[in-house]
Amino acid sequence: MVSFESDYIAGAHPKVLDALVRTNLEALPGYGSDCYCKSAADKIRIATGDKDADVFFLVGGTQTNSVIITSYLHEYDGVIAATTGHVALHEAGAIEGTGHKVLAIDCDSDENYGKIKASTLRQYLEDFYNDGNHEHMVAPGMVYISHPTEYGTLYTKNELTAISGICREYGIPLFLDGARLGYGLMSHDTDVTLEDIDRLTDVFYIGGTKVGALCGEAVVFPRIKTPESSVSDTKSKSHPAGFNPEFIWHAGEPSHFVTTSKRHGALLAKGRLLGVQFDTLFTDDLYFEISKHAIDMAERMIQIFHDKNMRFFLESPTNQQFIILSHEENELLKDKIAYSFWQKFDEDHIVVRFATSWSTTDADMEALEKAL
Amino acid sequence: MVSFESDYIAGAHPKVLDALVRTNLEALPGYGSDCYCKSAADKIRIATGDKDADVFFLVGGTQTNSVIITSYLHEYDGVIAATTGHVALHEAGAIEGTGHKVLAIDCDSDENYGKIKASTLRQYLEDFYNDGNHEHMVAPGMVYISHPTEYGTLYTKNELTAISGICREYGIPLFLDGARLGYGLMSHDTDVTLEDIDRLTDVFYIGGTKVGALCGEAVVFPRIKTPESSVSDTKSKSHPAGFNPEFIWHAGEPSHFVTTSKRHGALLAKGRLLGVQFDTLFTDDLYFEISKHAIDMAERMIQIFHDKNMRFFLESPTNQQFIILSHEENELLKDKIAYSFWQKFDEDHIVVRFATSWSTTDADMEALEKAL
Amino acid sequence: MVSFESDYIAGAHPKVLDALVRTNLEALPGYGSDCYCKSAADKIRIATGDKDADVFFLVGGTQTNSVIITSYLHEYDGVIAATTGHVALHEAGAIEGTGHKVLAIDCDSDENYGKIKASTLRQYLEDFYNDGNHEHMVAPGMVYISHPTEYGTLYTKNELTAISGICREYGIPLFLDGARLGYGLMSHDTDVTLEDIDRLTDVFYIGGTKVGALCGEAVVFPRIKTPESSVSDTKSKSHPAGFNPEFIWHAGEPSHFVTTSKRHGALLAKGRLLGVQFDTLFTDDLYFEISKHAIDMAERMIQIFHDKNMRFFLESPTNQQFIILSHEENELLKDKIAYSFWQKFDEDHIVVRFATSWSTTDADMEALEKAL
Amino acid sequence: MVSFESDYIAGAHPKVLDALVRTNLEALPGYGSDCYCKSAADKIRIATGDKDADVFFLVGGTQTNSVIITSYLHEYDGVIAATTGHVALHEAGAIEGTGHKVLAIDCDSDENYGKIKASTLRQYLEDFYNDGNHEHMVAPGMVYISHPTEYGTLYTKNELTAISGICREYGIPLFLDGARLGYGLMSHDTDVTLEDIDRLTDVFYIGGTKVGALCGEAVVFPRIKTPESSVSDTKSKSHPAGFNPEFIWHAGEPSHFVTTSKRHGALLAKGRLLGVQFDTLFTDDLYFEISKHAIDMAERMIQIFHDKNMRFFLESPTNQQFIILSHEENELLKDKIAYSFWQKFDEDHIVVRFATSWSTTDADMEALEKAL
């Protein structure tokens, strides 16, 4: 049965697997110190336009989220996330496991599903510092956003700039979860580039697991200094005792990030497994090319859904599409094609998700059309 | 340059990589629910002779140690380990990161390097419960041993039986870290079988990363009940309020272990990556066969070292050999052949480690002989 | 200026202080092993009608909440609480600091402010176990309620019985935070007794800090077995592998609770400070008598507010009253009498809190009447 | 029976209790914002000669140790302590409970029992940074010393200066646990003053529980800048990326320390209980006067032990004396006078501790003399 269940149903892109086979018997040092990790990091520095960026490779998304978040937060801090954010809902308490509260704030409906609005974020921060009891509450120490979000939606450059500005005004780092970053960057409906993300965030990762790799996420600590990234000399709002602009980058200090990763069981002995994969993905724009393919397939999927008069819960600009089915429609469809249950819609309907990926084929599309 | 730096210098055994290539484009469900994980678990159940054992696949050693240990310990417990144990020394505080103290006890010298003696363990437990202040101290809630140890040494069946008996007497689980288990089982100098380990421990893992896989460790929760594994009706020494023999197995309840793994960032989206590898390793005894090869190479290495009158720090029965070099000898040798610094021996000498593995070749051996 | 700012504005009830003075130079053993702790525990066992209950004394509310909650939860569990619950909002992330998520569920408006509805709880648990992704989510491992709540409201016996029944059906413990328990028990508008709480919960505490002590909370682990407290032989809903009715009481095993307390810095060297205070509070019903006084004062306060046509946000049946003031009214009143800001009501109004306590006097009431 | 079991067998010094009685019914704000906490902090600033020091009040020793240590450490850091240090041995894993390893280093025998030698500390730090695997190990992020130590011994000014210098050279904070600080400062055999401690450490606390209070420890974050406390412009050894001398003081930023305390259940609602006690202890040198009394009693006790030919394990310059008894001697003595078992000496002997305190009387001494 043809499957649109997720964007991690297949193994690795054949070129990635070829590279693993080709380099398999080379004797290489461990823990990310091999030549492929170095080469992959160099290529990512070029792709982000940030020649001094620090780049590390971790294994999976939840792991990467918790290692990054705990690297940045002080003991007394929590991380702001949308209520629908992966860290808030579907990571089995990984963030709390590191001792930190996820400060969930409502994300808005319709086309903004899954996104944090700049105005909501500003209101949250203002309310927090105006609350006479805030010393008895968890301090907001980081902002977590996903791009694309868990609902496939994207921030515009204006939205991202506004959120970034608020974070810098308050002296708290902005972390962008890019588990599906390729599908966001290659969307037909985005003005956000990889360079923008490097410039506007304090740390982000480029997802491999869902975009062509067997596993792996590339963590980037931007080092570029632009007018937007500088904090004024005046004291920041959240650090009345004086804010050190260097401080929010301290987590990226190489040896400490390796140690933090090790401590969280996230440091692979055969780091080559990640280096070889990302080195291949960032050679000849493979990462972008295969992401574009998934977007093309998603566009075709949207067209098919429209043609078949399916009811959209959310028509996303990336590789995930959310459709409303009645229980009867679901019963008829579920044995013909694989998709995933997303959430209850009302007593009679559910929301289901169809995902394309780099591995989706024309034949899959034809099977989908036929099944509906 | 030929390398004996570690047993994780190469990628995967070619048959393992072939299987990944062969299954690459199959659409499979995520998080370990695929058919290869199921098949691999079945084969491991056969190999252990424990048809009801629960089997899970995690990514790496430090991760596996911390997920298992934290699964078993109560809030107020620590884990007993040798001072040289991996969890005590080289995991960047991963265990403490889960809130638990590593209760390091001295391991003995010479041929017992890296091992916990049953008599030392018993003394520790007796002293603890006799200490009038023990309510103000960290309770011993698990015993961690590695087999082979970090120094390549092995427990005998008698030693393992004695330690297991003490653990069951005190009602605390015994965890065996088998990161290099294949090399222990295939040693020419062991009477311990996989069935013994299943019968005598409460949880253990079969290392893949160092024995033929790109990554991956197979966690086994034994379910077999033998006279040795039953706890007497009388109350256990550490649980005066009454000991529930079922209790020490609770961590293995499948859905909870998955959740705990997820929480620690240890649940791979593409669980197939682990399933396919272990399914291959446990087909036609590949795991044992390639382990035996490493032992054969180690035997030959020992012979070469003897022939060349090298000075052994420890002549281990498994795949790691520890040699004492003067600084001058080290300077001469280090550009001819790769090995790893282990520790200082005295002002003029250091201990270095040479490791063989499934990937060591006859050509490597000839190069070694020539280099010395 | 007369103050209704909180119920902890004064020191200890004079009889409590007298007892501290009287026993001051007696040489007593430490850590709660003194005769006053024993005597206080005996008196609390009589007051709860549970002769086998385990009783411990801790210092303050947040500390007690986190020690109890972490004692019960498994690594992968979270604790359900109302969004307004103290553990969810005003404990600076103490629960997350122990690695556990607070699973906040909406509490209902009006007279139910601050309370969890049984139907909401049941829906939450059903939804959780029906969610196909629940293995990737934090498991509900305990229910936390406060009685009185943070808004001074009370559960009825029927409501408490319903919540208790759901907890036992699902095999998860029920914890009642009684920081202001005396004021709840002595309310004119309650049918819940101390015996009921002992019978219907798995652990609760009797607050001292806000009811006559300098500091201190008495933790009670009920041991009474009634038809309501027995779990049926069939497997519980949350533990498909088999539920051990003893299990949810394991945290109360004396030596372990002492160790857990020590580990959280909650074990007082001079345990006598807590023992002497609770021994006095539970002699001749002092705890109940002084609680009744606070309720009488609160009733009189309500009457004054009605007479003065104050606008109630919440007219609670306990010692805290919530009044809506316009900014202008607040400006006029705040220099005449002390109360505390609670929350914003709308652009023009705020909610403020007036608390009575054991130390409130007739003169305070007259001053209040005059100030309004 | 007369007791020398510990220095916390009695309640509070009568003047401290008087002050609690005198201020009992004053209406005061909570959480340490009352006038007595402010006054006590002012008096402590005068006593330390550090007019800008930040001063906070917590409840007990283990709590204070864990709140301070976790405030300073990064995620990946551990704290260096002597193997006999309270945090290493008798706090039930409180430090590990905050996620950090205690890096225990051997303390030296004889008169140095319980102390860290500067040379041992320097060797530890050098070995750590020279170890090629140190990125896989827990980084030393703080040094913890107690003064007096758990064995009643004291650092000299030279020793303290040497340790302080090493800490500043490596850019790691020095924390001095002063649970019995008064007894150290008033020893006849010390050249270390409170001003020295303020100048040479980065944080310390002045113990109240064991020196005249019912409970309470005063935490001091020194702010004084002296030649010794300045870090050179060159990069520190442990922070190659650049060391910010302000950084090691960040934990003292008032609002964050309050939040961290709250988070650890260490913020007392009735902060007055601590403020009133320390305000009294630091009025008219009461703290020093009553400490001196305990030292005078200890000197007399030492004389009695010498006169009676008791065998010293350790003749300490402070209020704790350690005596070796044969099992027979112990049997004869233990019903005549109370002391505490300390540790096993050999098969036939044990070490016991006799403690004096502010509450020891001449009559106690006469009883001791008579009992021996």
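Here the chain labels run A, B, C and D in written order, and each chain numbers its own residues starting at 1.
Going forward, a residue touches a chain if its C-beta (ideal position, glycine included) is under 8 Å from a C-beta of that chain, and two chains touch if they have at least 3 such contacts.
Quick caveat: nothing in here was measured; it's all calculated off a predicted structure.
The minimal number of chain-to-chain contact steps leading from chain C to chain D is 1. Interface of chain A with chain B: the two copies contact each other largely through the same residue positions, with over half of all numbers used appearing on both sides. Set against the C-alpha centre of chain C, every other chain centre is closer than that of B.
For the pair chain B and chain C, the distance between mean C-alpha positions equals 47 Å. Between the CA-based centres of chain A and chain B the separation comes to 34 Å, rounded to the whole angstrom. Between the CA-based centres of chain B and chain D the separation comes to 41 Å, rounded to the whole angstrom.
The multi-chain contact residues of chain B, meaning those touching 2 or more other chains, are 75-76, 91-93, 97-99, 135-137, 259-260, 262-263, 267.
Chain contact topology: the protein chains form a complete graph, every chain touching every other one. Residues 76, 78, 89-93, 96-102, 132-133, 135-138, 341 of chain D are the ones that touch chain B when the two sit in their complex. On the side of chain A, the complex with chain D involves touching residues 70-71, 74-76, 98-99, 135-137, 139, 239-242, 244, 246-247, 250, 253, 255-256, 258-260, 262-263, 267. The touching residues of chain B, when paired with chain A in their complex, are 2-3, 5-6, 8-12, 14, 17, 20-21, 23-30, 59-67, 91-94, 97-98, 209-210, 214-215, 259-260, 262-270, 272-273, 338, 359.
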